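So that you can tell them apart, the chains are marked A, B, C and D in the order they are listed, and the count of residues begins at 1 in each.
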Amino acid sequence: MSALGWLAVAAGGWGLAVLAALAGGGRAGAIRLCCALSGLGGAAAMAGGVSALLWGNGPVVTVGPAEVAGSLQLQATSLAGVFAALLGLVAVAIAAYIPRYHEPGPGTALYLAVYNLALVASVAVLAAGGVVTFLVAWESMALLCYLLILRHPSRDAVAGGAFWFLALSETGFVLIIAAFVILATKTHSMELSVIAARAHLVSPAWRDTAFLLALAGFGFKAGLVPLHVWLPEAHPVAPADGSAFLSGLIVKLGAYGIALFAFRLLPAQPAWTGLVTMAAGALTAAIGILYAMNERDLKRFLAYSTIENIGIIVTAFGAAMIFGAYQQRALAAFLLLAGLYHVANHGTYKTLLFLETGVIEHAAGTRDMDRLGGLIHRLPRTAVISLAGTLGIAALPPLNGFVSEWLIFQGLFQGFRTGSHLLGILIVTAAATLGLTGGLAIYAFVRGYGIPFLGMPRTRPAAAATERGQPVTGPALLAVACVALAVGAPVVLLVLSRAMRTVTGVGLRPVLLPGNLTVLPAHTDFSAFSPTWLAVFLVAVTAVPLLIYLAGRPRADSVTVPVWDGGMVAFKPRMQYSAMTFSAPTRVTFDALYRPSVSVRRASDDPAGRSGPVHYESAVAPLFLRYLYRPVIRAVEWLADVVRPLQSGDVSLYLFYVFLMILLAYLVGAL
Amino acid sequence: MPLWFARGLRRGIVTTRYPARPDRSAAGLPTPPAFRAGVIDRRLADRLVAVCPSRALHRDGGVLVFDVGRCTACGRCQEAAPWAVTPSGEFELAGTSPAQFVKQIGLVQEVGQ
Amino acid sequence: MTALQPVPAGTLASLLTAIGSASVRDGGGAVTVPVPAARLETAVHHLAGAGARLADLFATDGDQVTLRLVWGLDTERQYLITETAIDDLEYPPLSDIAPAAFAEECEIYEQFGVRPAGGKPLNRVALPPHAGPDFPRLGHQPAQPPAEVHAPHTVGGQAFEFPFGPVRQVGVESLYYGLVTSGEEIVDLYLFTWHKHRGLEWRLRGRRPAEALFLAERAEGLSATAVAWSVAAAVESALGAEPPPAALLTRGIALELERLYNHAAAMAALCQSTGLSVGQAAAEIALERLLRVNAAVFGHRYLFGVVEAGGVRRGPDLAALQVGLPGGYGELRRAADALLATNSFMDRLEATGIVTTEQARRLGLVGPVARASGVAVDSRVDQPAAPYFGHPPAIAVRGTGDVLARFQVMLDEAAESVRLIGDLAAAGPGTGAAPLPGGGGAGLGWAESPRGEALAWVSLDADGRITRARLRPASVRNWRGFDDAARSQNVFTDIPIIEASFWLTVAGTAR
Amino acid sequence: MSGGSRARAVAASPAARAPEGDVLAARLRQRVASQFGRSLHIRTLDTGSCAVCEQEIRLLAAPHYDLHRLGFFFTPAPRHADLLLVTGPMIRAFDVAARKTYEAMPGPKLVVATGACALGGVYPADAFVYGAVGEILPVDVWIPGCPPSPLALLQGLLVAVDRLAEKVSGLTFTAGGDAEPPAREAER
């Protein structure tokens, strides 16, 4: 069956899931059936994605009269293959997760219907072969996600978070429409493949305009700084699987949009647009991780880390564009491949982490790191699975995050191959920024894992947490996927390099995979490593000493003594590093960015009478909200007041408006 | 640092050779008393017990019991009866059982003072 | 050496009229006036306003609890003791007027069950957590169990508590630090010392002065002479005994020798805390030589058993002094010069652990700590007694209040001590003790220990047994300046340096 | 040699000391070297001393005495300590900390009670103090003196090493690796 066929099957499965959810009316059985169908759809989507990667772009299938612009045009492309496969994986994991996470009920049924519709919309975005199809699918995907976030509209901050999502998403949508309209009008086609074929006819000015519009428009969805503010607002208020879906997939669709314009519709962009893209990506990565560092809410923390990872991906894309402009087509393909690899990896472990956050929230009743602690004893399964995801996202070998980030770095380090000193320096600067980001990411995730899971419970609920009846299969599946994506890197690269031949026309494989599980970054004379052997080695260096110890340890039975605590102190939870104290050094180092505010309150300020509680707070200022969005919001409100007179309520006046618009449209068309 | 290096060379070695050789500085140290046998009667013994601030002395019938471990070498008993109590000059006192520290001094019948 | 003199207290007469007390008992440099409970608050206002220094605050327990405030009228060259009988269980919150009184308020509550009005939270000072109502206390009626006494130190928000101790580094006393930190800066710092409380004041009751001195020396062994001297002087002024002048000269020599070796030890500790091993070795050579001088001159490395009620038990071996002292001090001086020339060392000291003049005065700090902060208090000069009448020391004062200032003050004092020892030795010190006359009484005694003014107040009954003894070594005072000094820094590693420069003992404050 | 010290405690014979000192030092070095690789690690514990014993202990490491030359070292971590040098009359409020410190040490371990307070001299047992270290910890070596001078401390450490040699030979390698469990542990 063709890739498009598989995707159709997936959409069908999800359609059935919608029906099952609505018909079942929230009964447990119906929900389980719905999830089973959803999972099957996911499997089909994975099959479709992989086959699209392997067998290249399929034909454009038009449903309905071809000459009607509004007809449904579908095409399975290699570029979308990675995203489709990821969509499938996420769908399967979430399907396995939902039955134990959501309690049965009509609300859940409705939620599931919306969720599966969102899956359909997403796959439609990926399979869209025409402009109109793409835009319709995109907009419906956005609206359905808005509904997803509104799962519990009565809770506070939910409406606000959802509105941030919708507002920014619609703003971006306008820019996307503009970009597509430019291309469609300049190439006289609404079909993406035709647009791609005729792109060289468009004048450079229009092409760059269209690209920048698309970059900004999709940047809103992908969360490029400073367009990122919706992520930390929307993720915490959505249900865990909703957040996972948002971070695991929807955000990636933004990246897909950027890739679609950069590598399919408008190949051979000038270097400076690539530079803009790369700069935006690097900035996003650094800012994202820096803000993640000072979040106490696990979901906000993960949301900011998503921003960071999107930054890494977009950096890779931008660099690929630069290399493309400088005829380094092998490196360009290599960096695009690395970026897509990172898309798959991040989708995997970020989904995992959000799902496990849901488990923690159900088990301990909070997402505030400073109210958790010691969970590794209470939630061992969760701890192990989360550790896999954490190692992955911290880009530590032998997990998958390390592989893709290593590839990206190897690509960036070859900036000198552009032949331009300036560009070489700029690309390596981006690499350095990513290096800082990577270091901070390890710091951030030592904190993000250590504070909740290690040490002592900081609150009674955390001490009483239990994972009985909590979902496990979904996250476990993703953990396995994380390991597979690392150990099986050569296979993944094999598949991706085939896709690159379709997308960029460059056959990477001979250089990239010289055999014996080694990977070379696009050029034989630069560097090489083998994720598989590295994993084997790391397992060995930990296992061998352990075995030696177990074999040779003295037979006399040892005694266990309590931790040395300096004598008299009975350790109290308040005597361990908290999330905010752990990240205090960053607040000092980057205070220019954070503008931290400090307040100390004592029971008595009398130096001799000092006693009683000491209360210390250090808050980080939300710069972008304060200095970027507040003014915009005020301006919009002012504008709304200004144009209110147009709203007279007189029908004839409205008809007049319509007439004017049509006239305007004709004039524009005539020009 | 070279300054300190030079100082060290100029200063030379001050480290004691103890235990290989005896250390002269030990001479100046206060040491527990040694009780001359045959001159202490019960009355004197009771006076010594009374002046001892650290309960190192007590009389057990006809015997004056001296616990070296409790002695702080304050010298009050020597002041009280210099003819009967003299410094032992002994500072290597560490032992591995409390019993080692308990010394019995036999008392004589009334001695005229 | 510019001395920032405290605000001149009004003349004693004007003060007494101000606090409205007629009957005055004068005893050896200390004036005792009764103040009715009703007028206590105004009296404290007057005295504190006039710049008098609240040196101590303690209670005695007859048929009713009596509060005694010891004021240092440093420009009047004497002490003023106000006696106030507390008839109910509360008295005006004195620490609101004179913050220096806070720790004593807590102590008095623990021991006697009377507390300052207004119900401000009180800290645990001496009573261990396991102490029940039957735990021995100085007061007749047992205070409430100390559960309510100790204001809990809790940490809220984004700071956490860094526990340290009580078992700390090697060769130091047990002390518990509660270090409240945000991860970077030190938000708060508090100390627990009750695990070294040996109930000395409780033990001294019913003892004869001789036995009392034996224990008093061991209250703070590193200032044995000073504490013993203060207790002996208290007994003497209580019973009206006149120690022979030669004995007083001997006491003076012992006290200055004590100051010398303590400052050498402080220098060694400073080097250790700054990680300067060579400097530590040099300072320890000086310290060891000075200790051997002590042993040669007085027969004990730490000068135990020199002071006796009414005089001294041992006279100095002046020959040994002439032989030993120059060499020992020469070592100290050379080590100090080398240290002052070592920038890596000096940089750690400068602007570290600052105690401002205002803090020092507010908290009633004494000794080198206060003098390094520009408060020129020194009981050898402010409340001079024999042998210092004829041999006044020059007070070393610095203004900056940092570790460096304390270090320099110690060096200057060491030099001054050597000069004083020369004078006193020339003045013909000797041994001997005046017999203690019978009949009871109460009196105040003081001596300037290496850490600052050590106070003692003793009352004896008719047959010469102690009914109440108050020991106030300098450590009791200066520890309360320590957390301010520590919080003026943001760096953990400075805290050992600050502790070394304060050179206090836990034994002294917990007694 | 402990027997020797018992004999000499009453009637001193300084003349007889030097040769025996040589023998003693030789045996000590050989023991410490063979059993503890010239590194017997000492942790100090203050259970209410007057701060003078601490000063003398600090001076052990000073140039005049330099206990490192004999293979002794101070360590702040009881986990690494072979010998616990205890001062003070063992204040009741402190016994938990004392026991914790002792239990934190790996066996075979020694407890050396240092100074008259620790040996029950200065403070009688009462509500404040136990009066002697032996009440709480299983003391192996007692060092009298108020304070014991650094030389006396050195000699005490030599005695302790002999004691440790006995302990090592007496090891049973049962749980805990320490032949004698701390006193009073059973009751509490």
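Throughout what follows, a contact is a pair of C-beta atoms (placed from the backbone, for glycine too) under 8 Å apart; a residue touches a chain by one contact, two chains touch by 3 or more.
Source: prediction; values computed, not measured.
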Co-neighbours of chain D and chain C - touch as defined: A, B
Chain at maximum distance from chain C, centres defined as averaged CA atoms: A
Centroid distance [mean C-alpha coordinates] between chain C and chain A, Å: 65
Distance from the mean Cα position of chain B to that of chain A, given in whole angstrom: 81
Distance from the mean Cα position of chain D to that of chain B, given in whole angstrom: 20
Distance between the centres, which are taken as Cα means, of chain C and chain B, whole angstrom: 32
Sequence positions of chain C contacting 2 or more other chains: 166-168, 174, 195, 281, 285, 288, 301, 304
Multi-chain contact residues (two or more partners), chain A: 565, 567-568
Shared-contact residues (touching 2 or more other chains) in chain D: 63-64, 78, 94, 97, 100-101, 122, 146, 149
Each pair of chains that touches, named by its two labels: A-C, A-D, B-C, B-D, C-D
Contact set on chain D toward chain B in their complex: 2, 5-6, 8-12, 14, 17-18, 21-22, 24-25, 28, 63-66, 69, 116, 119-122, 124, 134, 140-146, 148-149, 151-152, 154-156, 158-160, 162-163
Complex contacts: residues of chain B adjacent to chain C: 1, 3-4, 7-8, 11, 14, 25, 28-30, 53-54, 72, 74-75, 79
Parts of chain D lying in touch with chain C, wherever the complex brings them together: 42-59, 61-64, 74-76, 78, 89, 91-94, 97, 100-101, 117, 122-123, 126-129, 146-147, 149
Contact footprint of chain A on chain C as seen in their complex: 95-96, 99-103, 120-123, 151-168, 174, 176, 180-184, 187-188, 190, 192, 195, 359, 362-363, 480, 483-484
Residues of chain A defined as touching chain C within the complex: 370, 565-569, 571-572, 574-578, 580-585, 587-588, 598, 600, 602-604, 606-618
